[in-house]
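Scrolling down, you'll hit the structures one after another.
You will see two complexes here that share chain A, one where it goes with chain B and one where it goes with chain C.
Our next item is the complex of A and B:
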């Protein structure tokens, strides 16, 4: 049999999203007027803080459950961990580790719940997980806004709202700000490199590579491609799917902690809700699709998406005189990318079907 | 393996079946669809389906000992392997990964102490070794590292068989005795000539190694070529169980098709059909899962009742679904001299064709709506019938809808409490009649009727057929009827085309002998 030929048109269609972004960035960078060092610094810092989050999306894609919008649940768990740790005034790396430990059981419970629900909505995982994210946001608010400080003891007055219960809008994480990023100081071309964070991310990448080779990873791939066949072979399909969501949620929780230590402040009621969308958009920009995503997609995606993010406000100001427009542009683009990627995915599936039909012709002829 | 005997009364899908199979014997099992072959094999393989529907009567004996399988795993433990008609392969996995699916050898990993066995890594080398061993036993050339999705169907089939073979050196399955009986359910149906030959050779090799094989196939020549003995089933009974020396294609076909009850042809003797061609189809391909149409050409004369027959899964159902645009299709279809745009259901309807789907609950009916609605909604949509105009807005003409529904209820003797009853509440036969009424209300020039009598009782069957015949006679509507029941087609059709392997095997006059049809159904190409 001959190998399928690489058709330039095919290549373009399959990589439309990344190509589009490369074009946007090439046009945008000179317009923004930023120096190379500044951009490098920004990108390295953003790579550090987002990689872990985006990587956490890979496992559900492998299990055929699409893009896990439910990663917001993990982000919530991570934030709850951070709130406690700030209250106990544990700073720096120990604080992060403790926050991570606190987040694990919460993530597992939320992930289990989410996975179980998704098993009842097979084939509609993405929209379901998206809505679960909204729903759990309400539960999260209930906990953070009403229970914390009243039922759940929170002592620090810097955290609690003046009325005596509920967490303030912003939690200052100055005590652990960049504690991981700057753990191993390292500079390149005048840009600081968050080396320790990168090491963690690299470890996570290794874990994913290793994980693919485990029995569970193999089962997930099998389930992801054909649930019925996997079931016939005796693989516990439902359990495998739930496990993939739990893993993703737990890692998203860790990712959120890494993300927030870089930012330095926790936006109690907003941070998590944006993170899911931005992470998914970044992954898609990297050329991933609903059923295929790899580590390369993660890094290409983060670099391109966040390059656009960085330059958009200044480009907006320089072009039209309003930074607000660039701000608007980023949100617009993130949603646009997700939509485009989903539409392209469907189109590609249709095309593949049609090609299969035409191939069938040749066989008969 | 000394003797297996089973009976299964209940709803009499199988009736007092007795047969024996010796080590290394290849038994050919033939019969029409619904003869009970698959049910028999499911019993043998201990499938859940059988237990869920009330078990079976009789005994299965292996090596003279009675066995009772509670699940397929039990059957596998006893050394029975089964290769199903549909592939159960993961497309993006390699051949080797598929052979050892969920039975992968594992390497110890520290993480598994913490998080359980599933975090052991796979032992790729061992996987490769076992996969190759199984492939070697099969005696075919197959690269264990190729991805399944790129392989031709024949090799997919080999992968499935290799998987069954590889089960014997599983340490995981306690007490496994190694594979001793292999059931192959129509393995050659999807294979090309060349691939089928390779498969048959592989079967002989396995048989020489002492593995018994039950081989189900519709290709009689293969059966005769490879089997030691041949068993013919019909209507849940074993009609013949003969040595291969005693059988030839003609005889087997006769045993399979020959029925004791003959349906009478009800067509008038002076029936005359014009020579004018109303529908011509050439090179039609339809992508319908399980009913692939590969290359179909035929033409239908005006006012004719044209039958499309053949065994299930050969593609006959795909033909109307493709022409009407319900499944992806490709080819040339001309209706009344004008080309029909494929993949466009409303275009097909607009041109005056209508379709009564075999999937009446899914495609044919709005189950939770009234009968009136069901009868009229197609016509409202396509023909703008039953609508009245008030200003710029069009309303339903409830009165006209009720009238026409009542008319059809009378005509087709639909049993219902009122025309407002919901379609869901009707019996299968009456639902089918509603589907017909819906198609009739479209006043089509050409009507496709797919499996109109599937799953309905004898009385309703006769009525449906009679209604079709009458409608054809009175309105001169051309009808293309698709049915798995040959006798039914022969009772009302003028001509019948038999579909085999996604193509027309031949077109015969309805009065031809059933042996001729039988031979066509089994794909022995022969022009009428």
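Our next item is the complex of A and C:
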């Protein structure tokens, strides 16, 4: 069988973002001066804590809903679960499991709401989900800052603000810190491997692979390819789209719990706010696009993106004497990579449309 | 709306029940309590000169008069071991006692002098609920929260 010819220009354009990051990392690693063990340790830790979150983005992409900026809703649900669990003093793995169970109904309600709104904004799902995230952030703040401790009983003085209601800026998750990561102790080349977290992530990957083959997964792919064709084939398009957002939100909630158990501190009003942005940036760095993402993109993206994140401040300090510059660099790169990926996606789409049009005209002629 | 009692309905119901049971189990096995081991004077009973204490096999802690130590434990049932030197014989003696902490009680205080005075007393005499003092303040600076979206950048 003849293999299709690879056009180097096409290959470069299609993989511009990962190539750009590989170049940044190749230049940055020697400049940072970090040892291989340190970088390995950092990458393994970041891979463990971010994988679940980034994987949760795959299902809406499958359903043609683009990158789910609304995953922050799930992150909020996960945080609410963790606040309750901290108040009840449930620690370790049982605390994580209980927080996950609490987060599920909240995620389902928020995901249903988000999915229903997105069905009314077809074609503009990403910007709509982004704004829903901001809107729900306000609702979350209302709940956490005013209702918790007053209407919703929270009795722990370590959580409630001194005025008697509202949650403090930070919630200490020390009793839960790395309880999953360190469940199965394992070291490689002097770096600690969060084996239990990786097992969980692997199970989630298997779930995604299995899910793609189920009836619902096939329906989602059909809806993602062409909504009208899917509707004519008898698929309940709107329901399928809502389900994809609900699933993504629920998994984002679980991902946030895994993420925060690794960090060990919950920034009540900020932890969730940028999680969508950084998870999406990581996925795009891995070579994903708005309409195409797979498990490989997740892992390549996390490794490259977080490698840049790890080395950037030190490179900034070593080059210019200002670590803050590296901080700015990694933030502007995060936003820049999303912009670049969206521009490239739009360019590719228009090019494909133009080619299709030209071919159509030829046929007509 | 008519409820359809199909096989799918019962499977879903069973799944919800299993999850709820799991939540309850997690609550029971993961609940953390604080045990305060106290060596202060309790009424007429004097504090002990010296003893060592361990909870659930933790390393022994030295306890002098007026001291209070805290142990963080998970679950309701625990074994507290007290070791002391018998003045008459000079031998080290030890006693282990099993305690059950009420599920909803976050913190309990064990008065070791009270326990040692009469080991046959019921648990409620020497193990009492303890509530930490809550400091309240309405001052704006004490109640300020950070709502800046970029505040969490450094944690990534």
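Quick note on the criterion: the second predicted complex is superposed on the first by the 349 of 365 C-alpha atoms of A that agree within 3 Å, B and C clash if a C-alpha of one lies under 4 Å from a C-alpha of the other, contacts with A are read in each partner's own complex, and residues count from 1 in each chain.
Just so it is clear, contacts are C-beta pairs under 8 Å (C-beta built on N, C-alpha and C of every residue); 3 or more make two chains touch, one makes a residue touch a chain.
Every value quoted in this text rests on a predicted model; they were computed, and no experiment measured them.
Student: Which partner does A:228 reach: the first (chain B), the second (chain C), both, or neither?
Tutor: In the superposed model, A:228 contacts chain B only, not chain C.
Student: Classify the contacts of A:192 with the two partner chains as first (chain B alone), second (chain C alone), both, or neither.
Tutor: In the superposed model, A:192 contacts neither chain B nor chain C.
Student: More chain A residues touched by chain B or by chain C?
Tutor: C
Student: Touch check for A:270: first (chain B), second (chain C), both, or neither?
Tutor: Touch partner of A:270: chain C, not chain B.
Student: Could you look at A:294 and tell me whether it touches chain B, chain C, both or neither (first, second, both, neither)?
Tutor: neither
Student: Does the superposition put A:88 against chain B (first), chain C (second), both, or neither?
Tutor: Once the two structures are laid over each other on A, A:88 reaches chain C alone.
Student: Considering only touches as defined above, state whether A:219 meets chain B (first), chain C (second), both or neither.
Tutor: The first partner, chain B, only.
Student: Per the definitions at the top, what is the overlap between the chain A residues touching chain B and those touching chain C?
Tutor: none
Student: Give the list of chain B residues in touch with chain A in this complex.
Tutor: Residues 73, 88-93, 97, 101-104, 106, 109, 111, 117-122, 124, 150, 152, 285, 287, 292, 294-295, 328, 330, 502.
Student: Which residues of chain A touch chain C in the complex?
Tutor: 88-95, 97-98, 101-102, 104, 141, 145, 156-157, 161-164, 166, 168-169, 175, 263, 265, 267-271, 273-274, 278, 309, 327, 331
Student: Can you check the complex and tell me which residues of chain C touch chain A?
Tutor: Against chain A, chain C makes touches at 19, 22-23, 25-27, 29-33, 72, 74, 106, 132, 134-139, 142-143, 145-156.
Student: Mind pulling up the chain A residues that touch chain B in the complex?
Tutor: Touching chain B: residues 1, 210, 213-216, 218-219, 221-222, 225-226, 228-230, 232-235, 353-354, 356-358, 360-361, 364 of chain A.
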